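One structure is given below, encoded as structure tokens.
Chains: A, B, C, D and E, in written order; residue numbering restarts at 1 for each.
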Amino acid sequence: MAINSILSVKDLTISFNTFEGEVNAVRGVTFDLKEGETLALVGESGSGKSVSTKAITQLLPQRHTTISKGEIWYHDHDLLKKSSKEMKKIRGKDIAMIFQDPMTSLNPTLTVGRQIAEPLIEHRGMTKQAAKVEAIALMRKVGIVAAEQRFHQYPHQFSGGMRQRVMIAIALACHPKILIADEPTTALDVTIQAQIIDLLKELQAEFATSTIFITHDLGVVANIADRVAVMYAGKIVEIGTVDEIFYNPKHPYTWGLLASMPTMKMDNDDLYTIPGSPPNLLNVPTGDPFSSRNMYALEIDFQEEPPMFKVSETHYAATWLLHPDAPSIEVPEEIKRRNEQFVSILAAKGADSDE
Amino acid sequence: MNKNPIMQIKNLKKTYNTGKANEVRAVDNISFDIYEGETFGLVGESGSGKSTTGKLLMKLESMTDGQVIFLGESIQNKRSRHDLLAFRKNIQMIFQDPYASLNPKMTVKDIIGGPLEVHRLVSSRKERDQVVYSLLEQVGLSQSFANRYPKEFSGGQCQRIGIARALALQPKFIIADEAISALDVSIQAQIVNLMRQLKQEANLTYLFIAHDLSMVKYISDRIAVMNRGKILELATSDDIYHVPLHPYTASLLSAIPEPDPESERNRQRTTYDESKFTYEQDDPAVGLFEITDKHFVYCHKDEVVGYKEKAERLKQEIMI
Amino acid sequence: MEEQLNFNPVPQKKIIEMEQLSQAQGISQNDDSYTKTIVKRFLKDKVATISLIIFTLLTLVAIFAPALAPYNPNQTVGFFEAAPTSEFLLGTDEVGRDVLSRLIYGARVSLTVGVLSVAIYAVIGTTLGLLSGFLGGFWDSAIMRLTEVFMAFPYFMVILVIVSLIGPNIWTVTFVIGVLGWPMLCRLVRGEVMKLKQADYVQAAISSGYHTFQIAFKHIFPNVLTLILVNMTFGIATSIITEASLSFLGVGVQPPTASWGNMMSNAQSLTVLANQYWRWLPAGLMVLISVLSVNFLGDGLRRAIDGEVK
Amino acid sequence: MASFKKITLLIMIMFGMVFFLVACGGGEGTETTGDNDGDPSGDITSDGEEEDTLYIGLTNAPGGFNPLNASDTVAQWILRMLYPTLLEQPESLVFDGNLAESFETEDNQSFTITLRPDAEWSDGEPITADDVAYTLELIANPDVETTWGVNISSLEGLQSTGKWEDGAAGVAGVEVVDEQTLILTTKTPVDPNYIKEMIGFNVYIVPKHIAEQYEPAELANSDFATTPSVSGSIYQFVQYETDAYVQLEANPTFYKGEAQLKHVYLRVVNGTSLVTELQSGGVDMAAGGGIGVVPVSEVDTLAADDNLDFESYPGFATQFMFINNEEFDADVRLAMMYAIDREAIVEQLFRGNAEVLNSTYTSASVYFDPNVEAIPHDVDRARELLEESGFDTSQEIELTVPTGNRAREQSASLIQQNLAEAGFNVTQVTFDFVTALANVREGDYQIGLIGIPLTSDPDQTYLWSQSGTTNLGRVNDERMEDLLEQGRTSTSMEERQEIYSELQEYWRDQAFSVGLYGDFQYKVQNKELNGGIKEFWGGSLHDMHEWTKD
Amino acid sequence: MGKYIVKRILITIPVLLMVTVFCFIIVNLAPGDPTDLYISENATEQQIAQMRSSLGIDQPFPIQYFKWLLNLVQGNLGFSFASRLPVIDVLPTKIIATVTLMASTLLVSYLLAIPLGIISARKQNGFVDNLITGVSFLGISIPNFFFGLALIYIFALQLGVLPTGGMETLGGSGGLVDRMQHLILPTIVLAAFYCSNMIRYVRASMIDIFAENYMRTATAKGLKETLILWGHGVRNAWVPIITVISTDIPKMLGGAIVTEQIFQWPGIGQWMISAINARDYPVLMAINLVAAVSVLVFNLLADLLYAAVDPRIRY
């Protein structure tokens, strides 16, 4: 498996100017997106996952945003250095996006068909007629029945799930190399969410699109991601393959996230919780911003931010617990259970590869 | 568990735009009881009528037809200010959006203490403030929050304030309308734990309205699954999870993503073909039928046998 | 280096304390009440702040007019139509009254008309808007029909007739502008109330057992207040101009009472316009300054409320 | 892209609409003006066209064109261009023949009128004595709405209202001798000047053959009264654009000869615009005489304009401070007279373009007696009188001020100050003109400023007699009644002058009201215009057919 | 749709009746009898009575009103007290004059305001925005009588390039250019207000629109700036723009009184002032009717247009 990075984000640092002061929304985010993979960015609201990805296509409001550091490499170009004119040629064509709220992300005054056809005309130089034919084909592909009729309808005549399908059709219209899906299923009902995820997976395979999938729902991540990056307070705190993150998490925050979700198998005990709320990014506390919610905090957590510790070739986590000098600690029950599962999965895989 | 119904819902109906082309039966003839001390889960996707049901029970909307008996009295007869106050004292609501449910122009003290004054449960400002402080403490917030405005708090903190307001009147019954769905995962757990804890402390009854089954299953004793204004299945939460009889319930369950890559990879989704379960309107042979003990399914009289067999089969599968 | 690092676990109790501390800090970072936040934001807007200062000064001038004015504004004190001198800083008018004194007293009239008329229609418009939006149904359509009736009136005609009926003076002008100005605000408030009525906190207030009027005035009103305030500031500007226009048409505030409007209407004489700048320019500038400052004030207020970064 | 096209189309449609509106705006008006309407090149107005067009500025709109019913001066002035009168009056109380070649009497009771034989209506019908008699009959007809009743009330067979007795159906005092001759007979002998002014100068002769097509009762609301079709004087009516302008064109059949200026536009503009239009050449002359008034504040500017002729003359327009005689006795009234500094008003406010109104006649009137000494501004005397009268000075007196005349409004401020100096407690109350007039008329006032246009005839019964229709001061004084009666019935000018001198003196001493000032008449016109306003404004039009423009 | 229109019109009728009743009362409340104006100083009682009956004001108000209403239904608006001309004959010329001025004003205003508002919103808080916003505040704040006179002084008297007032050169051969020249100054004066007002609304709604998710979608699609702006942004601003237009037009139809006064524009506004001064009730009632009908009609039109520009709105 040739693993080439198609996109690499390096030390991205973004802040917003507000009335209260400067909000440090993204504080040195680094990750690679490999060809054909789905990378999930997971984190609570305000963790900076959405902001990081908007920076890729320069979708952040310029007036209030300062990108003080960082590089975003795509095909030997630093996207941060692109002029807005150059960026236009990349947006929608090479890098497409799907957004959270399908209700407001479509223009209410334009027909759905026109909105799908637009990128075709713009980037693929199609005539109106050709674009219409292609758009209808796309609509069929994303599972919209009676596409010819629905081509002329307006977004308000579509249900939420159908709108998100339209958004997907728009995004995939030009066969983009990279798809950024920003919480595409959060606003949908579970059954619809399942359909959309299946659709995305299917199309992603067909178009060989690399995907950044932003969500706060670990269930969705488990379903769709190849690799997972967990974000907290504007930083990636843990990154690894989906199995590593779900079965062998190293960061106490990841533990908390996993343990606080009720699983179908759970009994009626109290849920595991992470106390408190995320820190205010106006004044990022010294040390690890997570330290004050961290039941496994060490003294050093309050003094210095931990660097990324390597767990495996693919797995890194930013917690002092991985420092050789750190004391060993008792992980939560749920994580223990998961670790056990990991061992068996590894064993199974090892068996697979042996054969 | 105490088996006294705190609330009895009989043939509740809510129709919008009655008689017009765009008539919507938001709540279509539903009946169920909620017992004292239990947590009753009401699950459905958007547009299923679950929130409307909650509002009808709260008298935030007027019902088109049916009857709701709360603490032995029919709620639709409560019109006078006195009756209404008495009714509202015993039933409170926790809302979905923690920010939207708190008046941005009022201090936390006024938000929580207001109902106390309305119901004349306190005789002085000072007494009110004392009650507010103790309520804040009860929901895990510091007293220093009292003089602040909601927008200064995080979503989780706001939801705690909302809970404190609901608790202020010491109600017997609380309707939580998607009370956690707008919160982050780690905060959801906090709130759920808090609600469970309070329930025990204050001997509350919950109606827990939600759009997905995962958290509801975890918190509820009994669950009703709603779709298109009708209750399709009603059973204990174990039964709903293990013996989902109605295909809609099964499809809901199969759609819940689990934070477990392995099980996700092996997941089989069931789809629900609605057309097979559409009955003629107001057919008297269609309704909620008890398939097994306290396990109800909405179906045609003739289908009952089939469901019974299905229940048997599923139960046996579990045993194995 | 390694030695300095302390890898001792922190006791859980301490973490909880730290968490509470950080939460408390989280709050103390924006330690302000809502009003304070708006005020702070507003003060960051230079134009708006200057406008506020100017408007405050104007108000003070209006209040302390008797102390500030060098002469009796209604007395002939000098030659007629004399150009500014050290004795009469802004010259005299057509009957020899001191223009500066009239300007100072004019602030009273213009601001009274501006503020009071808007206050009148704000009260009517807000009350009816709140009721219409909150009660809905019959009352809503009745009030909406009434706004249509009032909006369908030719504004000036009614003003002119009523003014000629009661006699034009500052109170009539104020009253008429006030009584006729409310429908737009009423609709605005109604629309907002209809939106807010669905808000969860209103539903919560109903659930808590608040009385309908308490909900309308205690829960909803504070949330439309800022909107009303912004609208009112623009309304004040419009009222000042309306008074000036009425004076121009001869039905505004009547002589000998000075208002900026009737002083400015001197400019309808070309001789005055061309040769006697002191008879219209100061008044014109005052109208312009006050209206601009009120407008910018409203705009700044709106921005501060919306949290729009300047 | 489609939306671009739509927007472009929309904009084009909107432009098209504006052009259409501009092109056809006031369409009715231009039908008769010229045929090259809408021709884009037609904007170049040749000099020739403008040279024979006269633009007159009016500050009031005419209230219709009913020759029988014209209360407003504007209408009267315009009607003079459209309908013949028997006599001209080039100077005050100097009468010349117009339609009448002669107007003679020997006994001051029977007046023989001989008409010009060549006079024709614009439709070619001759103007005869029948037309004159019919006109007088219409005025006397109780069914006809008319303002001229009082003018003819001295004729034999008519009531004091000028209407014939019930069942009479005719005017006994009018006798048509032949086509060119008729004899008017009055009830009692009168001053010939009285009848000459009242009937000879003021009454417009209407074409019988047109007027008789209408029911007398409906004349006032008919097109006869709104859009006259037949003219007998200098011009004929073309159209009236309500409140904007009146368009006239020369009457080719006019008996004194067709007018040199073929077109006349009487534009209705406000005072300020009148000034700008005069300066920019948009109007050639102000109509003057209270109907084309330039604001007094602009007088200096106009006088200084090289392109304009500016002159000012004493006129008949006056301003009084009426005093409600029922509330204030003679001493108090006189105190007010002493208190008000009328010289200051005239000198400072009007910069000398007015005269102090010492009596109830202006210096333009031949009955004005310059020997009646004016009451000076004397605050001490005023105080004295006030004290003597025992008037309660704490009593608040309302000064009613009508709007619409800036000079008057400004004078009110001065008057208020003057009165205050003398010890009166006066507040101004301002009303629009109609309201103020209505209040004053009903006696619902204390003191109030009202302008009165006087006539060249000295009879002022309507103003100062208890029976007067405009007795605004509520004067009820036997001596005054007596003097008015004497003046009215006297038949010689010399005799009348004497009576009226006495009246002026008595009026001053009693201070029935305070005469404030007499506005001067302004003649403001383009230097290119030959002709225009005369010193006696009312007679300005007698040579209008000879006016030209360079 | 058709049903909706009919329903709206039916609702309109009682509103209109109420407006006319109110107006009738107000007009008749005004002190001073019209006859005071139309009689000479020496008129007799009998003449006054005769005139009162001729004008139809000798009857009680309710009867006068019902007569007026009855006439109205037959398309008769009575005759002007002042000129005795049938109001219905004069009305069209006045409306045409006002509409001409209105059309040119609104055309100029909107053609300027919409792009300026958009630019302003696009460059929000930049120099250009501050300039446009500042000037538009000035435009709203400057009293039009003052602005008008200043323009007359400069352009008509000092420079002599434009006429001082009126709608056309009387007695000249008229023509389009002449009329256009007469239109320029009053249009500028009125447009100063209407343009500034519109700029503010367009700016505000465009700022909101720029913050909308679908604008982000359009950007993310990589569309051209102009297409994003016009094809996606401005489309959604039509509703507030139509709202402003639908209140502007009746406001102007009700008479741009001061401006018409200053520029001698022979439109509704000027007519109204003279009618008020002349207590010309029938004219006032007619003007009131026109104004009221225009308010209601443009309300309705706006509602119908909303549906045209926003597919979500259906009746």
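In the analysis below, a residue touches a chain if its C-beta (ideal position, glycine included) is under 8 Å from a C-beta of that chain, and two chains touch if they have at least 3 such contacts.
Note that the coordinates shown come from a computational prediction; the quantities given were computed from them, not determined experimentally.
Path length between chain A and chain D in the touching-chain graph (shortest route): 2. Counted as hops between touching chains, the shortest connection from chain B to chain D is 2.
The two chains most heavily joined by C-beta contacts are D-E. If each chain is reduced to the centroid of its CA atoms, chain B and chain E end up 55 Å from each other. Rounded to whole angstrom units, the spacing between the C-alpha centres of chain C and chain D is 48. Rounded to whole angstrom units, the spacing between the C-alpha centres of chain D and chain E is 35.
Chain contacts: chain C has residues 20, 23, 26, 30, 160, 164-165, 268, 270, 274, 309 touching two or more partner chains.
Across the assembly, chain B contributes 154, 157 as residues in contact with two or more other chains.
Within chain A, residues 63, 275, 277 each touch two or more of the remaining chains. In this structure, the chains touch in the following pairs: A-B, A-C, A-E, B-C, C-D, C-E, D-E. The part of chain D that touches chain E in the complex is made up of residues 1, 3-4, 7, 11, 14-15, 17-19, 21-30, 33-34, 36-45, 49-50, 53, 55, 61-64, 66, 71-72, 142, 145-147, 149-150, 160-163, 220-221, 225-227, 240-245, 247, 263, 265, 267-270, 272-273, 276-277, 279-280, 282, 404, 431-435, 437-439, 441, 452-453, 462-463, 468-470.
Against chain C, in their complex, chain D makes its touches with residues 272, 275-276, 279, 295, 297-298, 300-301, 348-349, 401, 403-404, 409-410, 412-414, 416-417, 428-432, 434-435. By the touch criterion stated above, chain A contacts chain E in their complex at residues 57, 59, 63, 87-93, 96-97, 99, 101, 104-110, 115, 118-119, 122-123, 154, 156, 167, 170. Within the complex, the chain B residues that touch chain A are 45-46, 154-157, 184-190, 192-193, 196-197, 211-215, 217-218, 241, 251-264, 267, 269, 272.
On the chain C side of its complex with chain E, the touching residues are 145, 148-149, 151-158, 160-162, 164-165, 237, 241, 244-245, 248-249, 261, 264-265, 267-268, 270, 273-274, 280, 284, 287-288, 291-292, 295-296, 299, 308-310.
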